Amino acid sequence: MSVSVPSLQRRRNFLQKIVFNVFCLAALINGLALFIIVYFMIANGWKAINWTFLTQPPVDSMTKGGILPCIVGTLCLSIGAILIAMPIGVASAIYLNEYARPGRLIRVIKLGINNLAGVPSIVFGLFGLAVFVVWLKMGVSIIAGSLTLGAMTLPVMIGSTEEALRAVPDTYREASLGLGATKWQTIYRVVLPTALPGILTGTILGISRAAGETAPIMFTAAVFFTPSLPVSIFDEVMALPYHIYVLATAGTEIEATRHLQYGTALVLIFLVLGMNLIAIIYRSRLRKRMQ
Amino acid sequence: LFFITTNSAQAGNLVIKGSTTVLPIAQKVVEAYMKENPDVKISLSGGGSSNGIKALVDGNTDIATTSRFIKDKEVKLAVGKNVFPVPFAIAYDSIIPVVHPSNNINNLTLDQLKAIYKGEIKNWKEVGGPDLQIVINSRDTSSGTFETWEKKVMKKERITPRAQVMASNGAIVQAVSNNKYAIGYIGIGYLSPGVKALRVNGIEGTEETTLNGSFPISRPLFMFTNGWPKGDTLNFINYVINPQKGQNHVADSGYVRLY
Amino acid sequence: MSNKRRITERTMHTLFFVVASASIVMLFMIMIFLFMEGIPIFDEVSVKDFIFGKYWYPTSEPPDFGILSLIVASLAVTLLSALISIPLGILTAIYIAEIASKKVSEIIKPMVELLAALPSVVIGFFGMVLVAPFLQNVFDIPTGLNLFNASLMLAFMSVPTICSLSEDAIHSVPNSLREASLALGATHLETILKVVLPASLSGISTAVILGMSRAIGETMVVLMVAGGAAFIPESIFDPVRPMPASIASEMAEAPFRSAHYHALFATGIVLFIFTFLFNIVADHIAYKYKQVGEATL
Amino acid sequence: MDKSVKIEVKHLNFYYGNFKALEDITLDFYANEVLSLIGPSGCGKSTFLRCLNRMNDLISISRVEGNILLDGLDIYDPSVDVVMLRSRIGMVFQKPNPFPKTIFENVAYGLRVNGIKDKGLIENRVEESLKLAAIWNEVKDRMHESALGLSGGQQQRLCIARALAVEPEILLMDEPCSALDPIATQKIEELIHQLKKSFTIIIVTHNMQQAARVSDITAFFYMGKLIEVGKTNTIFTRPNLKQTEDYITGRFG
Amino acid sequence: MDKSVKIEVKHLNFYYGNFKALEDITLDFYANEVLSLIGPSGCGKSTFLRCLNRMNDLISISRVEGNILLDGLDIYDPSVDVVMLRSRIGMVFQKPNPFPKTIFENVAYGLRVNGIKDKGLIENRVEESLKLAAIWNEVKDRMHESALGLSGGQQQRLCIARALAVEPEILLMDEPCSALDPIATQKIEELIHQLKKSFTIIIVTHNMQQAARVSDITAFFYMGKLIEVGKTNTIFTRPNLKQTEDYITGRFG
């Protein structure tokens, strides 16, 4: 007895074709979404971008001039954030993954860290305001903003480092220990070099996330207008995301500065997507080389 | 290391915070002032009048700009921290109700405005306009503009929760200019061709009606300093209220000069 | 010499322990501070009135601190955005993991990752200046800054999370199950629907929950496009004021340590608890069903 | 037993990209016989097996040359419906791979996807197949528990039952016992003896003794080539070629 | 050849959590002999091997009872320095696992971590070890290329060289040829013959023929117990126990 009849077969194949097209459509929508956003930003913003825009401070009630202080501010903040988050994050991940004995406590701690990775960025903003700005009297400053962004990227950093460490085959550790290396020697000479690509991609993604965040720096680092560049870590700064936000909602000449808003958004997108692209390319390169 | 306190009042460094209403003035003046005194570094942020006062009390700013006078509570808080706020009126402002240019309404009474913002009047035709739902735009609850509106129009009654809340005057201009249903209120400095200004009780909000007090929704704008200002702060305040300098910028930004 | 090695070993161990503890302490401090600054509001209003109070008039005299409408708004935007992002995310994940050729999926996957990288302020800006007027014109509605717009923009933000985590889950279904199904004469579609998806269900649920958790906590988007009206919405085109928007727009203006300030931190606590619950559930599912799919011998 | 040819493989070449994994294989399979494929790791046994039910189609870089005729029809002909083909040729894998479903659903799966809806029919077939796979007694009281709760040997017999339920004509087995303990292995070998009455069976194994025990014909593969094929008795006692002898006596591999 | 006892294992029990993986093992290893451990999958061969250099310490749920004496000293004594112990006992794994470093650095690794800084000394030792592992000729011109570019068999010999470089007294090998092709396997077996002049070697293998070829002593494990141990010749021709015979003749496994 034959289990299937041709007509049923045809129906099954037909159904499959239709459903697969739906799946494909969904994927297309995603690509389209990215394309539309980037397209509109470029179409409206590229005219605003020129040498002056990138190298001058804003003038005439921010309706003219450039966004140099914002670019510098964003770079300061995100680099500051990663300088804080990376060493602490990597060290913590090493402890959790390599030294700590797995057990209930470690599981709870990891769960806690995971949770903090999901905490809304605005809550980190509140934390930064309460602790760094007010309690530690740093005021609204690069350092307060970097610490806040650092705290926000820390769980992400720990997570990506842990993943990179887990991806190092145990056989490497065993081989090293089997040769009479101590734990630290094993970590330093074998585990870390092997995990480095993963850690670096995590770091780049961390920087790009910090660069694009607005909510945490709203109360801790960013100001509406300060045309001169920062000279100390206790200075307030302008920042690209916050600049877009204020120009678009709280600015004094919203319509007149529209092209500047697009331009700023475009610069931010280039900055962030650029870093991500570097991370993606770098990761796939290293993966290939590792194999 | 982290405990080094930042003294924002260090030489050549001036921090100004507060009302978004005052921002257009402050920004013009700041730019002009910095052109004359290139060694002075000024940072300016909005955020709201309360925010400005708070920053002044916390020592995070040299000048707090406000669109209302300081409150008793705030004075107490300040004095408790050994901060003594000194007010300087720098300009006058009228708060003008605005609608979409296509709206045929030209005038509303204070009572009508109140009824609209309480949510009692829901359609433009109830006040003689087109048969359209009214979309109410209001400001953040702690902005000076809002407080003035609340005091002078709402007479302490509550604005309907259905009102959209905008973070700035500019946002209201934008929202109203794009929306034929909308009503909003903005500082006189933000009037633009995109929106239609309404008369209140038959009186048009102008420099003249503001100065002579006949326009019912107006207020002075302030800068507060901690104690009598010194150094750069003093210079800056002097610059702002100088009729040949700062006050010209006040007029440029559409506000009403002191004299 | 061996002594020196032993000392180094000890030192490094201690050092890592100290740093790890410090970072954990710091992370837990976030919670503590949040609670320290938020709890005092309950001297003014009861927990019940705070959470179930319908009116949010933090600056009136006397003030009202009821965040029900903010909570409802947060949930509404999250759910509506989930309705968009869940199908889109999962379908795309299936497409990438199961159907697309290697070349195509190598293009689409980074695209999804890049979508995740778009700064939220850019998406908010996009929603505000382009989508809002568009919606207003197309649907002839009073305002384009509303629940629907916010949900749409939030969906942009959670699709990448849902998609890439689901893709991982689907990818980790052992090939042996696929082969078993195909060898029995099932079509590719039947294999996906009846074997692959059930086996990766826990991973997909985790992805969905984490995506929703990202949406509920997202600030800039709701701040810029949700409209900001603090009442319980009746239609998807009503403006709303989700919790993060309220915190972000009012915090700068709330007098330090005033009731309003404490109320905003308390709102932060509520928000934190929501995301915390989401994460706990996700972790629970991931942990409990970790073994599903792999025949254990 | 009639010696009718079930499958004819003619000059089969198989490539993974540029790598030629199978070279010019010509081999016939007879109905109701057990043929075992032996050879060192990586010689192409699994690849060959997976050519027979076109499982290799899933590997995008693969390419087939030559013909495989099932009852005289070329299975690589474009008009052939792969899905149908696969339901005529059952397959059992190296590691037991039951679906994470109940025992009942595992066996019913093939019937359901083939469009059978009749409940009674499905139940009958499930029971029959489980009996045929000699696992009915062990699972009849726990039909609706998860199949993942079974032991390795039980899982493997379940997988066999699952394959039998769709009533294939041919059963391909790729090292079906390599993950199992001796007792489970023995049961499966007995089962193969039973099944050969109704099916044509092709089994890949690493274990020479197993090949000797279960199969009628043995084919020795080495580096992608079919070195020698013949009656199992002959191959294990008097192989024609030195290579075969070396392998069987454990000189390499 | 002097028959001095190198390692004594006395009543060793080993637990993974509650699961007893090894039960009451007592076994002696003699210097300069090759001992092979055989037995079906999961019987505890690897576990036993890893007890000898305390690699199982890494598994948090594990527990050891009984004694293992290396040259008369208990290696599980708290005063023993595990790191030192492991540099006395080299280990080679089932799958070749060179570090993602250059060939030279792979072999030099053990020396460096043991604090040797003298460049000349390191170079000499690396060369020596590579020669000993019979891979020097194949790699001498590419010492500073990545070790991952070597073939599987070369990688495995590199891993052996790496283990030899720290001059261990004992070499543990856990199925060192199972991932290799016949030719590579043959090379490694020859190597083991060479090395046994200077080391005590313990090798785990699945391949009975291999055990027969390389070892002096064979120990048969089954389900965590040591069933039988004796001269390889004896075990393979006249085993004492039925179980051993069944396994060796391929009756199961």
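Letters A, B, C, D and E mark the chains in the order given here, with residues in each chain numbered from 1 onward.
Keep in mind that, in the parts below, a contact is a pair of C-beta atoms (placed from the backbone, for glycine too) under 8 Å apart; a residue touches a chain by one contact, two chains touch by 3 or more.
Predicted model, so just to flag it, every value in this text is computed and none were measured.
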Identify the chains adjacent to both chain B and chain C in the sense defined at the top.
A
Greatest Cα-centre separation from chain E belongs to chain B
Max Cα-centre separation from chain A goes to chain D
Based on C-beta pairs in contact, work out which chain pair has the most and send it over.
A-C
Note: chain B sits from chain A at a C-alpha centroid distance in Å of 36
Inter-chain centre distance, chain A versus chain D - centres from mean C-alpha coordinates, in Å
50
Chain C to chain D, mean C-alpha position gap in Å, rounds to 48
Going through chain C residue by residue, note those that touch at least 2 other chains and give them in order.
5, 185, 187, 190, 223, 252, 256
Counting only residues that touch at least 2 other chains, which ones in chain D make the list?
83-84, 87, 114, 166, 179
Touching two or more other chains - residue numbers and ranges from chain B:
47, 58, 166-167
Residues of chain C touching chain B in the complex:
55-61, 69, 133, 136, 142-143, 145, 223, 227-231, 238-239, 241, 249-250, 252-256, 260
Residues of chain E defined as touching chain A within the complex:
53, 55, 58, 60, 83-84, 86-91, 93, 95, 97, 99-101, 109-110, 112-114, 148, 159, 162-163, 166
Using the touch rule from the top, collect the residues of chain B that touch chain C in their complex.
47-51, 53-54, 57-58, 73-74, 77, 133, 135, 140-143, 146-147, 150, 156, 158, 160-167, 175, 178-179, 181-182
Flag every residue of chain A that touches chain E in the complex, lowest number first.
101-103, 169, 171-182, 185, 189-190, 193-194, 290-291
So, in the complex, the side of chain D touching chain A is made of residues 81, 83-84, 87, 111, 114-116, 166-167
